[in-house]
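The next block holds one structure in the form of structure tokens; read it before the comments.
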Amino acid sequence: MAQITLDNLAHSYLPNPKGEDDYALKQLDHVWGDGEAYALLGASGCGKSTLLNIISGLLVPSRGRILFGDRDVTREDTVARNIAQVFQFPVVYDTMTVGDNLAFPLRNRGMDAGYIAARVQKIAAMIGMEEVLKRKARGLTADAKQKISLGRGMVREDVNAILFDEPLTVIDPHMKWELRTQLKALHNEFGHTMIYVTHDQTEALTFADKVVVMHDGRVVQLGTPEELFDTPEHTFVGYFIGSPGMNLIEAEVSGNIAHCAAHQVALGGNYKALSGRVQIGIRPEFVTLASGEEGLPVTIKRIEDVGRHQILRAEFEGKPVNAILPEGMAIPADANRLKFQPERICVYVDDWRVAPLHSVSTPEEEAV
Amino acid sequence: MSLVLEGVSKVVEGQHHIYPTDLTLERGTMNVLLGPTLSGKTTLMRIMAGLDVPATGRVVWEGRDVTGMRVQDRKVAMVYQQFINYPSMTVYDNIASPLRLMGVSKAEIDRRVQEAAALMQLTPMLKRKPLELSGGQQQRCALARALVKNAGLVLLDEPLANLDYKLREELRAEIPRIFEESGAIFVYATTEPEEALLLGGNVATMWQGEVTQFGPTPSVYRAPKDAITARVFSDPPMNFTRITKAGSKVIFGEGQAAAAKGALANLPDGSYRAGFRPDHLHLHAQGNDGLHFRCTLKVTEITGSETFVHLDHAGDPWVGLMHGVHHLEFGEPIEVWLDAAHVYVFAESGQLVAPASFAQAA
Amino acid sequence: MNLNWMAWTLPTAIFFAVIACLLLFFTFLAIKYPETPRRGILMIETTRGDRLFITLLGSAFINAGWLAMSGLPQWWALGICAFYAAAVFRWV
Amino acid sequence: MAVTTNTYATPVRSFALPKIRTKHVIMVIYLAFMLIPIYWLFKMSLQTNREIMSGFTLWPQNPTLDNYRTILTDRSWYIGYINSITYVVMNTVLSLAVALPAAYAFSRYRFLGDKHLFFWLLTNRMAPPAVFALPFFQLYSSVGLFDTHIAVALAHTLFNVPLAVWILEGFMRGVPKEIDETAYIDGYSFPKFFVKIFMPLIASGIGVAAFFCFMFSWVELLLSRTLTAVNAQPITSIMTRTVGASGIDWGVLAAAGILTIVPGALVIYFVRNYIAKGFALGRV
Amino acid sequence: MDKIQNNKAWFLVLPVLVLVAFSAVIPLMTVVNYSVQDTFGNNVFFWEGLGWFQEVLTSKQVHSAFGRQLMFSGLILAIQIPLGILIALSMPKKGFWASVCLVLMALPLLIPWNVVGTIWQILGRADIGLLGYTLDALNINFNYSRNPVHAWIIVVTMDVWHWTSLVALLAYAGLQSIPQAYYQAAKIDQASRWKVFRYIELPKMQGVLLIAILLRFIDSFMIYTEPFVVTGGGPGTATSFLSIDLVKMALGQFDLGPAAAFSIMYFLVILLVSWVFYTVMTNLDKAEGR
């Protein structure tokens, strides 16, 4: 197991990239901790697969180095990197039995037969396939085959990292719960460094300790799920994480007040003078419905009952604003205002978050 | 004006894909077929469309029996999970093709295609071929082709399942809007309870070839008729445990006794299955009359704003969905609270015996 | 069109008529009682039609074998074929 | 987290010396094995018969096109090519025309006796032409088609139609049936859908099937020779007249042989992209 | 893909049915009719019963031709299948050179069979053929028209030249359909080249290889033109295979009855083999599909 260092890394599929736009993966410098579970999250085409292929050794980056521990592996092939990978679609050796499939990576490395048998038993128990160890892998369902793939990824104890490339695509929604939970349990037990690529925010957030959000070839934020939720560094993260995503409102900020059109919103901190395109962002979870004079005046469009909560869809100055309201809450007929929790508001300039100068802990200053 | 299925069933090689089903869909409604894969959603839709002939029963469209009628002669539109377009035609021709076959005038075709393309944000791509588009755009093209016909029955078979998460969210918000404008009968198949709730309208929950319940979506969600419906309509799945009612006491699982409150109070003595949704489980007492359980914590998953807590309660696997972020120790005993008002009681056969009292109030 | 060159004889006409009747009969059966495949001693899925084919092809080889080996009247071979057919329809 | 976007220097590209790999050696040897016999025929076609017989040489000493001239100026020679191409094209068109709907039926529907029918079709691909040669002669004589192009074209459907059905069925299975259904829902009738939407989709499959029909019909000798006498005589059969009283005229024979390869080579050239793609997609 | 039950599909199959029935069923019936009769021409036939069958089944000549045929087909399969796989594995995966290889390899397939025979007939001659001359120069007295072993060598080499490409193309198609992820997984699992072949490539090629084996077996079992041109079945009967015997009987000597009986037995054997292969193939499909 090892820490993974991405040093000044960038990749372009073109032979002679000119500008930044030619790079499928823009410059990045990161150190990924040993034994942690990471998720690479982003829409399709954002460069996450490129990054994964660079880590697994299928691609040599155009520029920069990649280190496992202290060892530079940039030019080493997949085998030398000693990693395991689980692919989007199940890759199993059809003609082998389930047990032989699991034992395959160990046998190829000439491990001791007794050790292999014990290890296979253990993994089979973890993925719940002890019953079918003697069966041929051909003819199993896609779920089961993907479980074998997962098991084969886990079977080696000494791997530097395990990479998952959207491994739950082929799995039925109800099964996804089960498998993800199992993966999480496996991570807790073995403590491998895991890198999980997905476009599904729920999968990413629930699986990983740290989530790497990618957008347009760039890592826009690396943080814990809480950080991504509470303080998205980029409006894309705000939009991409959470359902519905963060509300963004054009504003002018002076001190701890944001001016949205003719209205004022209190902020949780003081900001220096900002230039460029300024927006304030607030998660629908921290928006409450009110009536009377306080908060932003909105037109309520519709209310969606999602079961465990309700989504209020409204418009402010012609732009959508959403709020999440508790289950069963009745909507007052005269409700026409939305209030934001000041300490939950983030301020963005040209899509990147600006931190407040120092946090203001005096909510009594709240402006009308 | 409606689509009526009368005792419709489908049998393939001796196996029932659909058991005899009666269903009435009214004009201008959104109807969601909700159920896991292979529960018969697609088969039912194919029968509605006329792509499959039912083994028994009749399909009645606007008072006319259309059971054996060719698809070409029916006024239906269908969108599949796969992005189905004609690869050899441009997006424009794709959208225009049903109109051309209907013999609509050239000017009218152009007007309607432009309109549908604008609605689906496809205007800049009209000259391109479908395979040059992204998945979301391809599916929009398919949707546009389905809508441009002004069909009386629009069938959407998991149209968003193959799309990226965020894209799905966007289109999901668009579909009810489009539906409101069309006035047709919409039928929408999905495996995800959340999607069903977001779309609103009516829902028919399906399980192993049977429609287990049909009614307005929120009421089916809150008052499922049986344990199967409750399980189908819950993600993460509903938690179940065996309970025994004896006098004023209720014994949960392997012996945690609690006072019979809420819906439990009026049950006759006996053995039942209790079910409750993950989001109704709490880490702290919520008022005074909460039930409380000692469980073992297996795994937690944090989504940023919420925490999924996987528990073991005397052998029953439970999932709790807690507000806020909670960092908890694995393998530790943990106490969780549940409001008795949120408990559904099912008979051993699965029939709902006592609905959760909160749902009745709502 | 002159069909003399086909050189029909009564026995061959009967032979083909029997096979045609068998095919028609099995088609009729398939319409009346739809076939469901089953797995027999050969470990392959067979339908009624498959079993008919196995019977006919097998019978041809039984007859040929009989003709080559025994030198006894060919009717005996037909008897063996009947047993063979029964076995095929029962166990395959 | 800010991303520095400083200099984007020229990327270091991986380089490798061209290695001599076993794979390449095998390929080169095999291709040489493929081409040498053809070269030899070609070499001989450029020599006079006397030069061929007079001694062994690796390449022609005095290249001449006389042999080709002999063939291309003599109608009784080149008519053979025309005959062959005529019946081959007829056969290809005919085979595809009947195989397309049938393959569609097999790929999309279950129907009474479908599997048996499919197998029976395949057995015809396997029927030895030698078995059928004589009855064919009788059959086509009795319907007055003996020594016509259509007779050979029809006879060759015996093995080409099953093959075309088989190949096309594989390709058609790769097209999701939802496309068909969408078209029907849109209001397409079956023939219109088939021609306007479905055929463009399986164009490469049709190409591959046509290639195989052409190939097997072109190379076949036994049936085409049995069913023709004068008017529709294929080139393969005309070639035998190089055996004269004074022995074989090797030069003309070789030239005739080379000319029989030309149409095939042209066909390969036209479907070359389909062969790779077609082989990969189809079931063949 | 699940298919729809629809008996109307028969109408789509009808043209094929009519056409093939015309060119297969009528001749087959005729052959059966001939097989039980004797004729001296002019469409005059005499009832012969199963006599011809008995004659064919007990004939030493037929038995030895059958044995030769089996040996030839076995030899062909044993050489061409592994060689074809080897070539397929060696082919460039894509790009310009892949097209070049495909086109060059497909060439022998498009040469009329008697021309194939002619090419090898020439090539093997010691006076004007490259192969014969070279062997002669190496002091090997190569003469396929005298020496049965040499005749076999040239016939087998010719068939390898002619048909290995078909096997290679099929195997190549099979290889192309293997997703890249399998190779990556094998790399990560540190599988050796042999294991990649044994556990990934071979299983994935299984389907096309069965087709290749079937096609090659059937076609080599029916082989007629090429050896006939090269050796004429000789020396003696060394390379006279079933079809050569049959054609000699039917067209040469006009022995319609025995030829017909022979044809039927020949056809039955092929039918049996085809059925076994077809059954294995469809059952493989099913196992994959589950």
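We call the chains A, B, C, D and E, going by the order they appear; numbering starts again at 1 in every chain.
The working rule: a contact is a pair of C-beta atoms (placed from the backbone, for glycine too) under 8 Å apart; a residue touches a chain by one contact, two chains touch by 3 or more.
Nothing here was measured: the structure is a model prediction, and the numbers come from that model.
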Required steps from subunit A to subunit C (each step between touching chains, minimum): 2
Reference subunit A; chain at largest CA-centroid distance: C
Maximum inter-chain contact count - chain pair: D-E
Subunit A and subunit D: spacing of chain centres that average the CA atoms, whole Å: 54
Rounded Å distance between subunit A and subunit B, as computed from the means of their C-alpha atoms: 26
Inter-chain centre distance, subunit C versus subunit D - centres from mean C-alpha coordinates, in Å: 37
Centre-of-Cα separation between subunit E and subunit C, whole angstrom: 28
Residues of subunit E touching at least two other chains: 4-5, 26, 30, 34, 271, 275
Residue numbers of subunit C (touch at least two other chains): 5-6, 53
Interface hub residues of subunit B, defined as touching at least two other chains: none
Residues of subunit A defined as touching subunit B within the complex: 43-45, 172-174, 177, 180-181, 184-185, 188, 199-202, 205-207, 224-226, 228-230, 239-245, 283, 285, 304-308, 311, 313, 327-328
Contact set on subunit C toward subunit E in their complex: 4-9, 11-12, 15-16, 44-45, 53, 57, 60-61, 64, 67-68, 74
Contact set on subunit D toward subunit E in their complex: 22-24, 26-27, 30-31, 33-38, 40-41, 44, 52-53, 56, 58, 94, 97-99, 101-102, 104-112, 114-115, 117, 119, 121-136, 138-139, 154-155, 157-158, 161-162, 165, 173, 176-177, 215, 218-222, 226, 235-236, 239, 250, 253-254, 257, 260-261, 263-265, 267-269, 272-273, 275-276, 279-280, 282-284
Touch list for subunit A against partner subunit E, complex: 56, 58, 77-79, 83-85, 87-89, 91, 93-96, 104-105, 108-109, 138-139, 149, 152
Subunit D residues within the subunit C interface of the complex: 112-113, 115-116, 138-139, 141-143
